[in-house]
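Quick one: the structure is below, questions incoming.
All chains are identified by letter, namely A, B, C and D, in their written order; residue positions are counted from 1 within each chain.
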Amino acid sequence: MSVIIEFVIVPLGELSLSRYVAEVVKLLEKKGVKYQLTPMSTIIEVSSVSEGFKIIEEAHELMFKLGVKRVSTTIRIDDRRDKRRHMEDKIKSVLEKAQEG
Amino acid sequence: MSVIIEFVIVPLGELSLSRYVAEVVKLLEKKGVKYQLTPMSTIIEVSSVSEGFKIIEEAHELMFKLGVKRVSTTIRIDDRRDKRRHMEDKIKSVLEKAQEG
Amino acid sequence: MSVIIEFVIVPLGELSLSRYVAEVVKLLEKKGVKYQLTPMSTIIEVSSVSEGFKIIEEAHELMFKLGVKRVSTTIRIDDRRDKRRHMEDKIKSVLEKAQEG
Amino acid sequence: MSVIIEFVIVPLGELSLSRYVAEVVKLLEKKGVKYQLTPMSTIIEVSSVSEGFKIIEEAHELMFKLGVKRVSTTIRIDDRRDKRRHMEDKIKSVLEKAQEG
């Protein structure tokens, strides 16, 4: 099955966040994680909640390695087990219904 | 200036949400709001927090009109006033920095 | 009816947030809003979503008046219309069920 | 050090959530985790992010064992490493500053 997880890592004390998000993107690329960057978050598709937590924990720890003293990380998990679906399917399903009506 | 707001409207008591998100998309289209649909949320770009709240309140109320009894709505506002930027700029800035390093 | 809304206002660029939360608490006291401060957020009980939005917008704007340049505000609304309930009722209901089993 | 984590586990398809939150409370009690129940969430204080994730994953999985088909879990971590502080300290610090002004 696949789990879709959105996360936002905010290093407190910093005004510009793009440098930090860029480091997270590099981490996801290096690990070969399926992800989508949005203007407000990063969304990953993984095979289990624990796999997702492992990746996000690594990204969260990365901030401290970059010198940040306080990190606020928000995570939202969408875990549906009665049917298999991917990130793209969710958007497709909405757009199909929006066009019907 | 522009404010970027992410929101998620969850009708409790429902297993499939795409029908409801589709109604929100139709509302945004009708109102001519600049938006982006992601696998986990809807992101809008508006000129002020109050304009954003007005739109989200309308979308939230729509759920009750569709027969829902309980609605959980999550909103995240990114309001930066020292420089003007758009939804696309945020992603572009991250990707440029990710390629540098 | 009553709507319960949790919110968190984070001034980016600041390491310590308590000074800012204190200003929000003072605003809520002055306006006579029913609220509860938790270690992670502020929760208010209001009569409608629009009343809640008005209060949170005022608190959000307050940050810029205090000199902050970028504000990230997160809001979560729990709006149930099939029965009236208050903040205390939600906790009571959980604790009763936890003791039964 | 201690990490403070807020989480909300929402079983989709259910209108009343208190029964599910009660099961999470029982789990936290059984495991001896320091926690606070609020009208909108559960807040735990743990010694590391990975300890927190382990507990939340167990609570998230519990929902599926109770027959839920889709679970939406939201987590917010406040991880500050330049000084040690507890859940109570955060509220105390805000209230002190609110009384000063």
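The working rule: contacts are C-beta pairs under 8 Å (C-beta built on N, C-alpha and C of every residue); 3 or more make two chains touch, one makes a residue touch a chain.
These numbers come from a predicted model, not from an experiment.
Using the mean of the Cα atoms as each chain's centre, the chain most removed from chain C is A. In summary, the pair chain A and chain B forms a contact in which both copies contribute largely the same residue numbers, shared numbers making up over half of all those used. Chain centres here are Cα means. That of chain A falls 17 Å from that of chain B.
One inter-chain figure worth recording: chain B and chain C are separated by 20 Å, centre to centre, where each centre is the mean of the chain's CA atoms. Looking at chain C, residues 12, 15, 69-70, 72, 74, 76, 78, 82 sit in touch with two or more other chains. Remark: chain B residues 4, 6, 8, 15, 18-19, 21-23, 25-26, 29, 36-41, 43, 74, 76, 78, 82, 87-88, 90-91, 93-98, 100-101 touch chain A in the complex.
Across the complex, chain D meets chain B through its residues 10, 12-15, 17, 69-70, 72, 74. Only residues 12, 49-50, 53, 57, 60-61, 64, 69-82 of chain D touch chain A when the two sit together in their complex.
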